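Pasting a structure here, questions to come.
The chains carry the letters A, B, C and D, assigned in the order they are written, with residues numbered from 1 in each.
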Amino acid sequence: MLKLDFHPAGRHFLQIPGPSPVPDRILRAMSYPTIDHRGPEFGALGLSVLDGIKKIFKTTQPVVIYPASGTGAWEAALTNTLSPGDAVLMYETGHFATLWKKMAESLGLKPEFLGLPGVEGWRRGVQADMIEARLRADTGHAIKAVCVVHNETSTGVTSDIAAVRRAIDAAGHPALFMVDTISGLACADYRHDEWGVDVTVSGSQKGLMLPPGISFNAISQKALEASRGALLPRAFWSWAEIVEMNKDGYWPYTPNTNLLYGLSEALEMILGEGLDNVFARHRRLAAACRAAVTAWGLEIQCVDPAVYSPVLTGVIMPDGVDADAVRKLIYERFDLSLGTGLGKVRGRMFRIGHLGDCNDLALMAALAGCEMGLRLAGVTLRESGVGAAMDYLAQHESAPRLKAVA
Amino acid sequence: MLKLDFHPAGRHFLQIPGPSPVPDRILRAMSYPTIDHRGPEFGALGLSVLDGIKKIFKTTQPVVIYPASGTGAWEAALTNTLSPGDAVLMYETGHFATLWKKMAESLGLKPEFLGLPGVEGWRRGVQADMIEARLRADTGHAIKAVCVVHNETSTGVTSDIAAVRRAIDAAGHPALFMVDTISGLACADYRHDEWGVDVTVSGSQKGLMLPPGISFNAISQKALEASRGALLPRAFWSWAEIVEMNKDGYWPYTPNTNLLYGLSEALEMILGEGLDNVFARHRRLAAACRAAVTAWGLEIQCVDPAVYSPVLTGVIMPDGVDADAVRKLIYERFDLSLGTGLGKVRGRMFRIGHLGDCNDLALMAALAGCEMGLRLAGVTLRESGVGAAMDYLAQHESAPRLKAVA
Amino acid sequence: MLKLDFHPAGRHFLQIPGPSPVPDRILRAMSYPTIDHRGPEFGALGLSVLDGIKKIFKTTQPVVIYPASGTGAWEAALTNTLSPGDAVLMYETGHFATLWKKMAESLGLKPEFLGLPGVEGWRRGVQADMIEARLRADTGHAIKAVCVVHNETSTGVTSDIAAVRRAIDAAGHPALFMVDTISGLACADYRHDEWGVDVTVSGSQKGLMLPPGISFNAISQKALEASRGALLPRAFWSWAEIVEMNKDGYWPYTPNTNLLYGLSEALEMILGEGLDNVFARHRRLAAACRAAVTAWGLEIQCVDPAVYSPVLTGVIMPDGVDADAVRKLIYERFDLSLGTGLGKVRGRMFRIGHLGDCNDLALMAALAGCEMGLRLAGVTLRESGVGAAMDYLAQHESAPRLKAVA
Amino acid sequence: MLKLDFHPAGRHFLQIPGPSPVPDRILRAMSYPTIDHRGPEFGALGLSVLDGIKKIFKTTQPVVIYPASGTGAWEAALTNTLSPGDAVLMYETGHFATLWKKMAESLGLKPEFLGLPGVEGWRRGVQADMIEARLRADTGHAIKAVCVVHNETSTGVTSDIAAVRRAIDAAGHPALFMVDTISGLACADYRHDEWGVDVTVSGSQKGLMLPPGISFNAISQKALEASRGALLPRAFWSWAEIVEMNKDGYWPYTPNTNLLYGLSEALEMILGEGLDNVFARHRRLAAACRAAVTAWGLEIQCVDPAVYSPVLTGVIMPDGVDADAVRKLIYERFDLSLGTGLGKVRGRMFRIGHLGDCNDLALMAALAGCEMGLRLAGVTLRESGVGAAMDYLAQHESAPRLKAVA
């Protein structure tokens, strides 16, 4: 028999770049009793989370919440705005950008995939100048949308979205601008309105600290207008009826009530801490993590310091070392889960997540598990990364912690 | 500020026909820590729930679990098997059959809607002979699928699915057979394989006693073959990659881990009680509920005793009584939620759910709340329905309860 | 193997007069992580609950919280204030008064037990005139304390404590006045200061809606002074060091942290609803319960309407009916727990609890279970008690319910 | 307003030597619904935990479970077996031995306190030869009991209880032998029967991983016989009625139901892992912790390696460093709670707990917090303790972890 609630003594350390550990506060909120999704209390809940989530996206425009995981929200962005055969300009930052592009093909769109050659594109952010050049060349405006990933979860690179916006504007191109910030939201600064994004796609299981199961489309007026003429068939994902019913806090079909409880709690936690404090906390932990990797003498997947991710750090193994074998050893010996290498970098690197409900000592635990595991796996380390991270954290004070008593 | 965890003394009685009350056991299981969805423990979890759910559908064929609510599983059934413009024969049993038909239209299909005239179809089950006649007339086999609802949640009618299968066979028609048993599964007997259903659609928030958020497609070999040639665009809902990765207990995208914990617990509860005991329990509570409605002198929405639903009972108000005003009074005075009338019967009836984690005294509480509320609303009742239900329950012993100690 | 988390479908109805059902809000609060009981957050928690609990006792004097169940708080009241061989005047209201008296004997005190003859004293409240007469006769003031039970849990009688105070004053007697309101607190009005009580004993598992495990002594200045000269040995129960350390919110030994979380939540719930609303709610449900018993044609244990308990109702069986056999049948058939008859009334009566986190429909469920069970047990009932209770509840509107949204 | 459920991002690290962190499994078990403590399911629960706890004490004799915290169980041991004025030989291992001795005085006993001079006794275990000599001198057998602490929580010294038994036997003295293993049980090997202990005192909040609130007396036949003639007054703590009612799994007064749920889960966890594995795990983590302290160049409170505690490690500060100021800095900067110095060593040392639900990376997190904090506090460290602990843990493989799937 499967025993889910088994017990190796002590807590498991889940340091993958999402799903991130769900705080007890949120688990408790998710255990509130399910209520009538047509009753008055639900409407109040709906209005409250729909209002709060806008603050996270930094938008005053509609944010649609789907009772579905993040991949669905990718599909929603495309099917609501585009028509069969439409050309879409996408940029290859890594594995998830590649999956989104494959989805566009499956849906009958014609994606064009920009990027640097080889794995180079997987080590740098979006090259806005390449996008600008391509759009300038599209004098007939055949390209209907530009799609990029904000925080590429497979590599640990956080691209400059404002720069892409400037590139589109510089080219004077009318394409819709769509951004996936599934793993970036509530970890790194994100500004849907200021950056002129038309559809922002996100999910629950990263910076929002929820289990997977709900996902988001933040939608500009331009995107809403595009949806009226878009011909890709859609029903579950269709914005129109959701946006309409959301005005009263309801949904056209059964919403994911218990995850909305969790979202309400997450919003209270994040907005209570303050978005800027949340971002600073992520940056500080990421810097400590990179200090460790550098001290070990290992390479970081992201080679451009301007776009280091505050969410996760990709660690490249020396030649001849199977990253997944190292991960397995660490998992079995030290009860620590790390992210696997995906796609082009499978077996070559692993990923340390330091997002969401993380703090100094949880990161130190993860780094200690990595350091012991790397040594046991026979990887030669230059010096102690744990020591380097401790130096960093001790020297850089964190933002003031929230207190139990006001 | 919104206070979700507020306190009117005592428990709320949630007697809508779904989402049904989530048992504490399942809420606790859902609070297990989120794990790496690519790690070894997840694979074991995945294989276990994929195996268990087949027993509930009574199938040995694949069951796809979506991290999305039930409406999505409707879309999945259609987009995986059909092509733009395909003719589909659907049957109007009530509001949800109507919504599924509208979805088919939105997706670019050509649904034909059979049914009895007026609201008559909303008070009886699927008329299999009408389906047989229509299929016999379709000598060119233009109709690609027959879609019916097993338990119509808007009315409280549980149609005879085996009879529809016999009708299709009698007509010698090759159409796919698709059934929605979102609210019927794990409440009323359902036999995906024996009844020759090609796609069965279901959800989590009814007989499975989970919060909304996961949904199902049980798939026949014939449906899988159809999916290879089906031209409706699809990505998130696409069966192929899911079925392939499910062989090892994984999913192509992030699954809804915590709801899968809940599903595992639900399967243990339901299979531990025994499906036949679960069905008998639902039938007995439904009969007690109908005894109450009859004693009140009110009409039951379903007029054919052969297809009374074990899941819910629709109660028709006398002329001039606004059913929603009665529901509101009951909600405010007695902390009891009842289902609203939907679509054609809005304001004319309300629905009492007696599904999932329900027992004798929870039903008695609900009936007492209804009886007090109806009287306070000025509805003349013939005699005490509560008394009639007590007579029924006292005279009909339930199946043996599970015990704490084996 | 023992399976604690087993599943007879639906909720168990726990309608014993305590431990009462613990609301989910409190269970969730009790699952907050255990903290350092010497750290700053604990001090804030301690001060908060020590302040809140005073409002429940209606006192401005110290309330000591023991990490022990209620029986211990009885012992604390006696050992802190009395010396070996001291005479104590106690009053026999029922089983719990008898147990307290036995404890006094075990501790080397000399209790004198007043009361009406036979079981008569178990059907009425404390006769204050008997106490006054006895104290007047004690001209030498040999009696050091008067001990009475406020709400006698074994019978459903709530004595008039103010009247006992007046009796002591009228007799001009200096004895300490000690009151057990273990099951009365937060159900029936109680005024430690106004009524001049010297030690009030209470517990967590009744009106406070917590699991058993903490208990209370509210202490007058007179009692504190008495404790300085009292010679009964004591350590764990000793007030002095606790009262001293409580000033900063700490305890001399390890406190029951997680139950204090629960207490904090309970205080927020009760004070949020308002004590007067809480009392009115209890009175209303008790009246509905008695309407049912009366309609059944059965006798209520308490024969004096002036002291009917708002907490529980004792129901006397007709001659020849074994009350425990009826309880067993109801438990097994209807998943409802009722209180057994204790001591002198064992087998003669059972007790229906309607305290704490109870509401109209939970009471109706309990009464329906009783009515069905009594009939199945062959007890002849005059008419439907369920009907009578519905009449009462429908005709008497409750206090406004708390709302989710302010 | 007090906000208990506040959020500094990430988990707090509670590394005090008890209360130890309560695993989620136990918190979930504690949230099972409270049941009738006189009903059949409770009896099954009672028998189950009473049986399981004997395995932890390694006894076949009665173990009494009190609904009270550990200090109460000290009192129970004394009051059940002794009479006013009895001489008791106690041994000063540290602060808790001192508190127990003070309690004996409060209860009217005549404790004699053996020990090495100054703080020397606080750095070594019980000197069995001193006990033997003292008992040999007591030719009149005036000493009625010998009381020692197994694991002294204030110092981190685990005394050799078998040696004390041998000393008593060698002296041919009939005194009762009482042992406090409040913090040792389920962390270090303990053998109530084999070591001939008459009363073993323990609590819930250490190796058993429960919140505080229940405590234990394991009782020999000799102690039970002594209790029949013992004259100290007692009621709540009295063994006789509890032992009698425990035969059927019940208690004479309201037991702490929800903590017994937790105990049942704890027993399943501990016995499932295997006591020997549990002890080995504690020893290994303690050794890693000491490796860190030694590398730092700091002194360990315990100077005798034969009696190093597997539960906690006391770390002595260099002269002039206030240990509590260091603790405060660590708490505020790194969200880590450490144990304060108590009694004679207040301000001179702090304590790192590594007991109960602890694992390699939780210990590493704690050591990293200490190392950063010590440096920030200006304490000169010889080398990295974190590095030394990593070396130890990497070189010493742990016992096999339990697996989710059998």
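To be clear about the criterion, a residue touches a chain if its C-beta (ideal position, glycine included) is under 8 Å from a C-beta of that chain, and two chains touch if they have at least 3 such contacts.
These are the chains along with the protein names UniProt gives them: A, B, C, D = Aminotransferase class V-fold PLP-dependent enzyme.
Please read all numbers here as calculations on a predicted model, not as lab measurements.
Distance between Cα centroids is largest for the pairing of subunit C with A.
The chain pair with the larger count of C-beta pairs in contact, out of C-D and B-D, is C-D. Chain geometry summary: the mean Cα position of subunit B and that of subunit D are 53 Å apart. Note: centroid distance subunit B to subunit C, computed from Cα atoms, is 45 Å. Per-chain Cα centroids separate subunit C from subunit D by 34 Å. Of all residues in subunit D, those that touch two or more other chains are 2, 4-5, 11, 24, 28, 31-33, 44-45, 404-405. Taken chain by chain, the contacts link every pair, so each chain touches all the others.
Across the complex, subunit A is touched by residues 1-11, 13, 23-25, 28, 269, 272-273, 278, 281, 332-336, 356-362, 364-366, 368-369, 371-372, 375-376, 384, 386-387, 390, 393-394, 397-398, 401-406 of subunit D.
On the side of subunit A, the complex with subunit C involves touching residues 24, 28, 31-33, 41, 44-45, 404-405.
Every residue of subunit C that touches subunit D in the complex is listed here, in rising order: 2, 4-5, 11-12, 14, 16, 18-22, 27-39, 44-45, 48, 66-72, 74-75, 79, 84, 103, 106-108, 203, 205, 211-213, 232-236, 238, 253-259, 261, 264-265, 331, 337, 340.
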